[in-house]
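I'd like to ask some things about the structure below.
Order of writing sets the labels: A, B, C and D. Residues in every chain begin at 1.
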Amino acid sequence: MSLLDVNGLVKEFGGLRAIDELSVSVERGELVGVMGPNGAGKSTFFNCVSGVITPDGGRVTFDGDDVTGDPPEELARAGMVRTFQNTRELETMTVRDNVRLAGPDQPGERTLPALARTDSMQTHEREVRERADHLIEAFELDHLADEYSSNLSGGQRKLLELARVLMLDPDLLLLDEPFAGVNPTLTKEIAERIRGLNDEGMTVVVIEHELETLTELVDRLVVLQQGSLLVEGEPEAVLSDERVIDAYLGE
Amino acid sequence: MSLADRLPAGIGDRLPEDDGDRALLLGGFAVALALVLAATPVAVALPGELFVFFEVGTMFVIYGILVLGLDLQYGHTGLVNFGHVVFFAVGGYTVAMLSAQNPFVGIGLGYPWLVALVAGVLVAALLGAIVGATSLRLRDDFLAVATLATAEIFHSVFVNFREVFGGNTGILGVPTPLADLAGDTDTTMLATLLFIGGVTAFTFAVVTRLTDSPYGRVLRAIRADELVTRSVGKSTFTYKMQSFVYGAALAGLAGGLFALYNGTVAPGYFTIQVTVTIWIGMLLGGASNHRAVLAGLAVIMGLRLLSRFALDVAPVSADAFASIRLIVVGMILVAVIRYRPAGIWGDPKELGVDS
Amino acid sequence: MGLAQNIVFGLVTGSYIAIAAIGFTLIYGIVNMINFAYGEYVTVGALVGVLAAGALPLPLPVAALVAMVGGGIASLVLARAFFTPINHTGPVPMLLTSIGLGLALRNAIRLTAGQGSRYFDTETTTFRFDGLPDLSVGSVDLLGGVFVTSEHLIVIGSAVAVFVILHALLTRTDVGIAMRAMGDDEDLARVRGIDTQMIRDSVWVLAGVLAGLAGVLIGIQTSVSSTTGFSHILQILSAAILGGAGSPYGAIAGSYVIGLVVALSVAFLPTGMTGLSTAMAFLILIVVLLVKPSGIAGQEVREA
Amino acid sequence: MTPNDTDGADRRTFLKLAGAGGLTATAGCIGLGGSDGDDAPDTIVFGQPAAQTGDWDFLQPGVSQATDAALEGINDAGGPLGAELEIQRRDTAVDPQEARSVVTQLVENDDAVALLGLFSSEIDPLFDFLQEQETPIVTPWPGSAFLDTRGGDMGTPDDLDDDEWVWRTVIGDTVHTGGAAKRALDQGHDTIGVINGNSEGERSWVEGFLNAYEEGGGSVAERVEVSLGESSYQSALSRLFEADFSAFAVSMPLEDATTMMSDWADGDYGSQPILSDPLSQNELVEQVGDALEGAWAASPGQSGPSYDTFLDAYESMDGDAEINAWTPPAWDAIQVTALAVEHAGEATPEAIEQSLGPVTRGDGTEVATFEEGKEALDNDEEIVYRGAATNTSFTDFGNVFGSVIINSVQDGEFVEEEVIPAEELSEFVPEDQY
């Protein structure tokens, strides 16, 4: 059974079909790239799958459950987590708090334990802090840990966002253009980390506009055009496909 | 500011470190002292010149509960509630109508005041839940309009249904338990200020615990970016709802205490002016910082009080002076937003504003 | 109760609310702020009008023009001094600034113009249509005798003229088209080479002109004092939001809804509840925000 | 104010601030002692809570001018107990919250021994608080029926225990609306319509009026309440005039009434208008026009025995504030309070409270001003003050009776048409209830 199964997805904006009968599935443990020219519907696809917007038709199944139209918070708790194309930091919070926020199942996020400062909340918070510090260190953000995230550079923001979603220990990670606006060195580093996560068993779907890094990174490529599936398959095969070349040159 | 700041270092060292705990201790101390003053034959004599400061001080601690609740909503969660006075009013009216004996007009059921106070908090919270459930999905400035309209509707209802709410006269004959206990005016005045001040300190302690905890982290995240907060698995609507209801309940508590202190409620006590005062106080001090919002409120209420004394030396007629005072208050609001958008003691980075 | 007669009253009230609400909603659409000080713009217009008509003295139509010019100038000056510098800060700081500015202006007007009321010197003629047949449904008489006064006609006529001119402005002139473009998407408008600051200034002037006219019309109906505009701001705001903030056509529709609701609720609410007519307008506003938050014809105001 | 006064005020303010600072520093000084009354004061202060802003601010200038005119006369006559009388005027904005701290400030900080103001909407909710002040409040404003059975000294001047400290020099609504009701019935209007604003003063007028009117056998065909500040009252009028009646009573503030009566004239509804007392103003006639011809209002008589004395003094002042229904009562309030000080021989709140009854009731030399009273008291005579608005003879509840004048519109202005003497009105007011 596929981990993520998208079947006949439809989304319209003011009469325009942004997603048109799109069907894609992702197997557990896969590392899939989604590409396509501007306006092909990549981000809309992510938004529909992750519950940010509700699709007008079709079905999304995650780990065997129908999750069509479920809100993002429920999906995140179920194990499907995403990042955003234009990084969305919580700019009025520190790097540390950005990461800590994502810690799941914190009893201290409910009123009474928070007021009573229960032991379980304190224990849990210690674990959250430890894990967050660990991730911050792993992403080499420790020297910025107490800075407000508004002070971070574009690349650092990408790292922070990655660290934040990893707090949730997701089954499925949806990354929306993780390399956009990032310098080549950092691009390579991020790619390696994604590779590493996948090696550890995490299922990852990456949207990327830029072809090169993506082809090297992923097991399988899905190419969208005008909201529909154009081609899918092994990177090499996809890239040599006439339709793909036309689509990109046509842009 | 908390008591610990003013005590010598030796005592301060033995006190709890964190703001909330200090406030808890201070609140407990104040309430205990108030009860001792009120319940025992101990009486105090205060210089009459200070009475007006006690009056305004008592209103300050009552409004302090309001501003802490509003700050939970706006400063922490980013909810623009421009009808805060309605929850204050509903708390006050509930307590008054349940507890009053022989009101001049309107309903007075004569239940024990403690029952009435609990009911006042619950009714305000319930109204908060209803307004929240219907309006919290609106965009910031429209939420402001929806809450403002709610406050206007209630004001109108209080004025119009005279048989129930006493019209413009309001509900008279509300019990004043502290005054009854304390007896003389001076002791009552001090005990009231201490008691309600203690409750304000408790409120401070409670909201500080809440906002310093992981719970507060979620609230601040919602203010920063609701979608991101949802995408890391937080049910933001629930949090917004809770924050709104807690703020409303605190306002209800403030309203109830006000009724039991003042002995009467009337629409004149619950005008949009109250909302404006606490908003200005909060913004002036610096939203999202509990101490700062109280300090800001103290500044604005202090200015208004002192400007009354200033009349004695002002070279203009009393009539012109009244207008000038309001012009100054308006311009303070404008200037703060423009030149110190994070308030006097607020952190611009925390609030995401240029300064 | 004469339904037709009350509809006439509702249309009159709706008409001058509409003129002000258009100005209010244009500011919302282009500058993206809810301007609580707008009521004071109306007061300024009314005051300029009543001074021009009374002190100078000028004939009423000329005084109205003077009031419109005065309103436009005041609006631009205030915008330049208070709102343009904080344009980037977002809707909530601007809303709060307008509250502060409104409080200050209202009292400054009171300080300079005094507390009393001033009146426009007008003659009113009443036209009656008594020939209409009664058409009763229960206790409600659908037609019945109807009258309109010359003041009513002036107000409704001015409103219709404003609607026509505004429509022409928004569809036929470069500035108007640019305004609409900017209301839809400011970034796109800037990319297309529209001078967004110039458009914003034009909107401020236009909103001030409309406030001036509304002020004079309200002044003719009632009187002019430092709270003339303030006492109408909630109705204006409700009408604008009801119609879908930012949409001038929606604001017109919203205004007539408010006007009719106020008139009909006075006429048909049970005895003892007629004082709630104003609250009814807010109740409708809240219901609309809940059921169709985008208003009668406007943009989404719920959070994404 | 003379420069000297300013200096004095300055110093006082400073001392008060210093005192406040001291208190916060020690977190509550216990037992600092209260303020002591001086034996021979140089100055005596009356506080005047005033409506310098707020809904009724247009009425304050007349009241202020009357107070200042009286003050000048009192000080020219040597002042009460030979001291200089001062008026400390502070804005309450007719807001009970503000009024509470203004009263505190006047009593405690300005050391006012009596207060010469406060409206119904301030007194009603603050009544218990005002009792605690134990300072006499002699106010020209409130018409509220709430005060009919509250206030005054219960007829026992010496016994302070039963005193309720509030005295009004203006006729209560219950009485003068009784005059309006009597006139309406006399004219044969046995069915009327009522239109009124939903604020307390307006409602109070209507209730007083209707009580007396229905008592006298009249009936109400329709009553419409409106929210104030509307730009048109056409709908309310069309609702009202669905009913059949021969006269309709109007109780709204002047501005709203002007709008409403203009709408009424435009709509050509006819019927006899009966106006509430604040509306007998020529401004209304000017704006509404001919249609108002024959409309009448019953006002508390501004015709106490000393009205002319008041008028002369008032007009000799610099100000040009219009005289309204509360202007002569304001004159009476300060005169009678100053006389109470002189009569008591000391300027303490308690002594003044005990003397307010004696200088207004019973027999004694009738005096029209403080000057006359002081002279008489110096000659060891008993005095009774006879005022400008009414004869200012306080009832046990601190109320005054007076005649009611019917003013009607004739040839474009209000003209006094009839005076209903106080005695004829007493039938509307049971003796022990006012």
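Just so it is clear, contacts are C-beta pairs under 8 Å (C-beta built on N, C-alpha and C of every residue); 3 or more make two chains touch, one makes a residue touch a chain.
The structure presented is a predicted model; accordingly, all values stated were derived computationally and were not measured.
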item: Closest chain to global C-alpha mean, per-chain Cα centroids; value: B
item: Chain pair with more C-beta contacts, C-D versus B-D; value: B-D
item: Rounded Å distance between subunit B and subunit D, as computed from the means of their C-alpha atoms; value: 35
item: Rounded Å distance, subunit C centre to subunit D centre (Cα mean); value: 39
item: Rounded Å distance, subunit A centre to subunit B centre (Cα mean); value: 43
item: Subunit A and subunit C, separation of their C-alpha mean positions in angstrom; value: 48
item: Touching two or more other chains - residue numbers and ranges from subunit A; value: 52
item: Overlap residues in subunit B, where contacts from two or more other chains coincide; value: 156, 159-160, 227, 323, 326
item: For subunit D, residues contacting two or more additional chains; value: 53, 57, 198, 225, 227
item: Those chain pairs that satisfy the touch definition; value: A-B, B-C, B-D, C-D
item: Residues of subunit B that touch subunit A when the two form their complex; value: 206, 209-210, 213-218, 220-221, 223-225, 227-236, 242, 246, 349-352
item: Subunit D residues within the subunit C interface of the complex; value: 53, 57-58, 198, 222-227, 229-232, 234-236, 238-239, 242, 254-255, 258-259, 262, 265-268, 286-287
item: Residues of subunit B touching subunit C in the complex; value: 80, 134-135, 137-142, 144-146, 148-150, 152-153, 156-157, 159-160, 226-227, 276, 279-280, 283, 320, 323-324, 326-334, 337-338, 341, 353-354
item: Subunit D-touching residues of subunit B, taken from the complex the two chains share; value: 3, 44-53, 55-56, 59, 104, 156, 159-160, 162, 167-170, 172, 176, 185-186, 190, 194, 262-266, 268-269, 271, 273, 305, 308-309, 311-313, 318-319, 321-323, 326
item: Parts of subunit D lying in touch with subunit B, wherever the complex brings them together; value: 6, 9-10, 12-13, 15-17, 19-20, 23, 27-35, 50, 52-53, 57, 60-61, 89-91, 93, 95-97, 100-102, 104-105, 107-109, 111, 121, 124-129, 132, 144, 146, 198-200, 203, 225, 227
